Amino acid sequence: MKVSYFPGCTLKTKAKQLDDYARSCAEVLGIKMEEIPNWQCCGGVFNTSSDEIATKLSAVRALSYAEKQGQPLISVCSACHNVLKQTNHAMQTDAVFASRVNHYITQPGQAAAQAYMGNTQVYHYLELLRDIIGFDRIRDAVKKPLTGKKIGAYYGCLMLRPSSTMKMDDAENPRIMEDFIRAIGAEPVIYAMRNECCGGYVTMEDPALSQKKSTAILRNAEANGADFLITACPLCKYNLDKNGNIPVVYFTELLARALGIVEA
Amino acid sequence: MQTVTREQLLSKAVSLLSSGTVNRVLGWKKGDFAYDVTPSVFETESELQDSFVYNIFCSANFSKYLISETQKEGRVLVFLKPCDSYSFNQLLTEHRFDRERVYAVGIPCDGMMDTASVKALAPDGLTHAVRDGEQLKISTLYDGETSFPFAKVLPDRCKLCKSKKVVVYDEMLGTNGDITDAPRFEEVVRLENMTEEERYTFWQKELSRCIRCNACRDVCPACTCEKCVFDNPASGVENKAIDDPFEEKLFHIIRAFHVAGRCTDCGECSRVCPQSIPLHLLNRKFIYDIDRNYGEYIAGAEEGLRAPLVDYHTDDPETDAVMEGGQKQ
Amino acid sequence: MQRIGVFVCWCGSNIAATVDVQRVADAVRSEPGVVFSVDYQYMCSQAGQSMIVDAVKEHQLTGLVICSCSPRMHESTFRKTAQLAGINPYMVEIANIREQCSWVHKDIFIGTQKAITLAKAAIAKVNLNTPLTSGESKVTKRALVIGGGIAGIQSALDIADAGFPVDLVEKEATIGGKMAQLDKTFPTLDCAACILTPKMVDVAQHENIRIISHAQVEEVGGFVGNFHVKIRKKARFVDESICTGCGLCTEKCPQKKVPNAFNLNMDHHRAIYIPFAQAVPKVAIIDPDYCSMLKNGKCGVCAKVCSVGAIDYQQKDEIIEEDYGAIVTATGYNPISLEKYDEYAYSLSKDVITSLEFERLTNAAGPTQGHLIRPSDGKQPHTIVFVQCVGSRCAANAEKGKEYCSKICCMYTAKHAMLVRDKYPDTEVYVFYIDVRTPGKSFDEFYRRAVEEYGVHYIKGMVGKVIPEGNTLKVQASDLLMNKQLHIDADLVVLAAAIEPDRSARPLATMLTASMDTNDFFTEAHPKLRPVESPTAGIFLSGTCQGPKDIPETVSQASAAAAKVIGLLCKNTLKGNPCVAVSDEMMCNGCSSCANVCPYGAITYESKEFRMPDRTTRMRRVAKVNPAVCQGCGCCTVACPSGAMDLDGFKNQQIMAEVDAICK
Amino acid sequence: MEKNDIQNTVKEIIRISGVNPKKCIKCGKCSGTCPAYDEMEYHPHQFVSMVDMGDIEPLLESPSIFKCLSCMACVDRCPRGVEPAKLIEAIRSVKQRMQGSNHMKPDDIPALLDEELPQQAIVSALRKYMK
Amino acid sequence: MQINNTTEFRPKIVAFCCNWCSYAGADLAGNNRLSYPADIKIIRVPCSCRVNPTFILRAFQRGADGVILCGCHPGDCHYTSGNYYTRRRMTLLFSMMNYLGIEKERTRVEWVSAAEGAKFAAVMQDFAQTVAALGESKRLEDLRCKQ
């Protein structure tokens, strides 16, 4: 199966591992990730104001491209996924927004049939694993199970919320990452702070705030017995790494280890 | 395709009559012209020998006649073509006659001509029209004999026959056929795909020709009411002639609605229409909607089936899920 | 030709403000059949009704059109008036010019025009009305009460005391319901068991009451006065008539790990058990999912120790069929599932509990013998946080929660908080609330005592997140009055979960053809004037199946429902609805379409000889309607292809006359 | 601001956020759940109440609008579906669309960088803090 | 006294309401003073299944511009199953009328419970607006009735 892939800015730079492992694991699992040519940065955050058009165009271009390929659109970074999914949702549900966007992106003289109406399926890489590949198949494909490891899943906020749009999982008691952890042979550690915010981009101007938030998360994970944490978001990883001692790794790296693609 | 001959039918009728199995025979009687065939009741062998006929113009569906014929003493023999057998079952389901008073002989059929179709081939001076294998041979006063491929010149209702299977009989003459998968809803879909405006124009053109002769109603094997609503001043829809375009539509909508779920798609309505209005397209629309919304249903396929309009499922689609352009919206 | 009188009501200013009533009365005067027309301030008043009676006499009226409020309001009033005046009550038609005209249209010109049209439609209908007489049916003098909680118990006792036999159907193994699980009751703090269990015993001993426990209603047929009900009494594998309730089997059974539903699964009982000490009937029951004898034929300990031989592993479900004159629904409530509320960590921590669980934890007969301890480690909690409105008062389109106020939480939370502070004064108790709602008798005083005398901290604000960490529950909440975010290290968090109707109510409503609201509460016939009756005749509503209620309210409603039942059962016969289907046998085809669609089986067929116009005779199969069974829906009239079937009171011609009048 | 301007701005905020502050039942769950509560001068529930009352000038001038982490916890947990974060975002949008109101300037950025800071943080901050 | 512009087209709309749910819903709309256009005139029937297709055609014949049929929600019929039959009958009837080119917006079935006063008003608002936008019903008119 082929899917369109939107890597995003950070996966091309600071979070190369997240990207590399995602691709190599997908290949092992029989999925070909085709990077969208000339993708543009999603902007990192989705502005919820309905009249904010320009900042969402890059996402629509990616979505529209995937539609033309007849492929679902996959992203690994939680932030990209959030922006793509929310933009897509707005294209589906807000007719005024959709028509304005389409006026921007359609070339003069282009047929109205070119308009993008939100028909692309948007998946986070984790959803790809769960819904398309299936955790059972991953369990079967695991060569080096991470037996005995106690891993805390750190969801953060972008992957789950707003839950009415993201629809990835129960936003208050998600299990997709826990199921993933089980699939690769380790034991998930469930802790309440796993869906609380790390401080996000506010770390730029107020590192103290993200320090406070990240510390609380790490403390809660540690108190519940996590050896280390996994995440899908480079910014989460940055904030957590900076403010604690528990190792934080990208989930794709663990998957790559379990599949035997890289040595631990 | 094996067909049965007049002689086979005749000898069957004669033997059943003489053995006392039946008291009467419902059959086709020959008329003045080749295509002129009328339903008739034969009570003696000589009547049969004299005027019983079976040829490519024996379209008439006898089932409806059984309602009155079974009221008489004794038993009646009826020949059931596949079409007729569905009507037969449907009437049985509706308790319209006593099955015990009928002896049904199933006969295979692979199409019947009607007057309009044969006149399309030879408008004037037809003297003779017979089937010879896969050919239809026509003679006229002016042109002598011409041949046509039988299957090609059949009327639409036979070209798009839903079933060549006689579904109920006491005895079968010849080999029974099967249910077909003829694309009989294509024309309905074509109409559905038109715009409202186009459909309106189409039907306006068709229905405005209606002369309210009631032939469609009178021939319909499902229209068997003791008193038709159109004859009943208390019904609020009574009318006898077309005074206003509204009445054509009222008549044809109600006519089709009253047989919806009970219509076996035999096509008799269109056959007898002197104005050649494609009335079966109204009935087929209902059949098609029923099939798509509530699952495929052929009225009369078995005795005792519950008709779609006196049945329901809790998860039926909502009313606004009407078909548009052949698709569920 | 009818002689019709038209009476236009002002309803004070309710109608007169937006409908020019005099113009309406004038406009219809020349309508066919109308011989008299008048407007008056209050038609339904004594004076208005006498005006009608006088007019009937003076003008020899044969039909009445009342232009007034909805027929659902006063149709029966005016029918009685007609009867008083000596004309058939079904010669009355109402033009609804209040609810469907004056109240929804603001412009007096438009309102008046519409009122005239509605009046004309009613006149057109009355012109075709014929006198109708109700059939009578006998009343079965026996009542069915569905649900054996406090509501059902009270209704059953009241009906039985009036001398009518009652069957009380309970889905659990014992009656008692939710109240049996409670510890104390607000605002008096008397113990629930002390006031409930004597009533349960009364039920058990009442000569007019039969308890059918561990059972459910499977099928309901018939109609008011004559319901026919099938009840499935599920196998309990113990012969109820023999078991003495000694309890020996429940001590000897080797299977000890059966979650105890009565204690909300906070402890265990054996595979054979008696739900609780005061259960009624006090008879053991075997849980077939856990009993190894029933599962794989090995064990049989209970049968060995039972001295009276009550154990019956072969017992099968039993179907009880019975006729009833009236049915009371008392199916009660349950707290909603909190699985979607994990911001409160309900599924993450054993120490986050619901209020009902809290009741069991503080109940002397509960899993901890009444010692308030943390379920996780058995330690006594020192800081307890109560969260109100969990799942109540949510947005209508919210993915989780209920739109309504659950009504009982404010008071029971005050009770819990007070009891904790009373028994364990060194415990800090916080209650987070949105509003405190205490509109019952002595309720606010009770709540104030919790605050003022017992020192419970009431905080206006909500908990946003509960974080289990180590041995504590970190509670993050807002205090709106202090404008602060609070962080409390709690030992126990108690969630006041919204309540919802029991799941059995929805299928039951379908069987009863009783209507429900969007939340699956039964709807009442009138929200103010007929609050304990369903719109479906013969169905009465008792307790929380109709809406959230506390115990005093439940009991009063249960008694009210019982009073209505008694009123019904006192009658020997009931007048039916005369608006029933009638078949014109001359036109009937006997095709069975009508019988196929009739939900009541009111249509049968007979073969009849008819003389035909051509002087022959013919046997024909024709439909016959049983007017006692027909409920008058009219479905058959449309299924009938020939139009032989028609509906009295709503004849084809009458409806078409209305259509014509409206479209004119 | 003129009274008229205020009214128009309130309308604008309500329109682009899609939030109806009238739906609020003042339960305070948004503020109970907010991770940036302590850093804010006005808290989520106050945003809702103040917009409802037309008291928006203090909000437009408050640094609180830049403290919201957009974590959407208040949006998800509000029992009435009020979506306070969208209201805050709308106020921030309105504010930054005013001339010269960018909260952060490109020149500020180099000083805020460290070796590990992901690009994502920078683009997000640009989106949130600048027009 | 006349306030409205007389030249403005006002549609004639017949609303068949079942006695138990929709008629009560209409009453509730009244109780709550939820206004809807006066073009809507309600005919009370015991159940939506009482409505014969001939009534609907009759309404159009006599000059109605739209016909709406309201019943209890499926599953909530006072007579258990009436509205299920209604649903099938009207699905077919409306589909046929549209097949003959009659604007499908002129006919509608809505399920309105006794508790849904607001829905009743909203539905009627919307239906009246829709029908008004279509203008006078021409395709199913009987000129004799319009003289």
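As written, the chains take the letters A, B, C, D and E, and residue 1 is the first residue of each chain.
Just so it is clear, a contact is a pair of C-beta atoms (placed from the backbone, for glycine too) under 8 Å apart; a residue touches a chain by one contact, two chains touch by 3 or more.
Predicted model, so just to flag it, every value in this text is computed and none were measured.
**Q** Give me the fewest steps it takes to get from chain B to chain D if each step has to go to a chain it touches.
**A** 2
**Q** Applying the touch definition from the top, give me the chains sitting in contact with each of chain A and chain D.
**A** The shared contacts of chain A and chain D, listed by label, come to C.
**Q** Counting only C-alpha atoms to place each centre, which chain is farthest from chain A?
**A** Result for the farthest chain: B.
**Q** Using the touch rule from the top, work out which pair, B-E or C-E, shares more C-beta pairs.
**A** C-E
**Q** Taking each chain's centre as the mean of its CA atoms, which one is farthest from the centre of chain C?
**A** B
**Q** From the C-alpha centre of chain A to that of chain C, how far is it in Å?
**A** Whole-Å distance between the two chain centres: 48.
**Q** For chain D, what residues touch not just one other chain but two or more?
**A** Residue numbers touching two or more other chains: 73.
**Q** Out of chain A, which residues touch more than one other chain, so two or more?
**A** Only 163, 172, 196 qualify.
**Q** What parts of chain E, by residue number, touch at least two of the other chains?
**A** 53-54, 58, 75, 81, 85, 89
**Q** Throw together a list of every chain pair that touches.
**A** Contacting pairs: A-C, A-D, B-C, B-E, C-D, C-E.
**Q** Name, in rising order, each residue of chain A that touches chain C in their complex.
**A** Within the complex, chain A contacts chain C at residues 163-164, 170, 172-173, 190-193, 196, 219-220, 223-224.
**Q** So in the complex, which bits of chain C are touching chain D?
**A** Counting only chain C, the residues touching chain D are 343, 389, 393-395, 397-398, 401, 432, 434, 460-465, 476-480, 483, 485.
**Q** Provide the residue numbers of chain E that touch chain C in the complex, in ascending order.
**A** Against chain C, chain E makes touches at 1-4, 12, 14, 19-21, 23-24, 26-27, 29-31, 33-36, 38, 41-47, 49-55, 58-59, 62-64, 72, 75-82, 85, 89, 113-115, 121, 145.
**Q** For the complex, which residues does chain E have touching chain B?
**A** Listed in rising order, the residues of chain E that touch chain B are 53-54, 57-58, 60-61, 74-75, 81, 84-85, 87-104, 108-109, 139-144.
**Q** Which part of chain A faces chain D closely enough to touch in the complex?
**A** Per the touch definition, chain A meets chain D at residues 8-10, 13-15, 41, 43-45, 47-52, 55, 77, 79, 157, 160-163, 171-172, 196-197, 199-206, 209, 213, 233-235, 237-238, 241-242.
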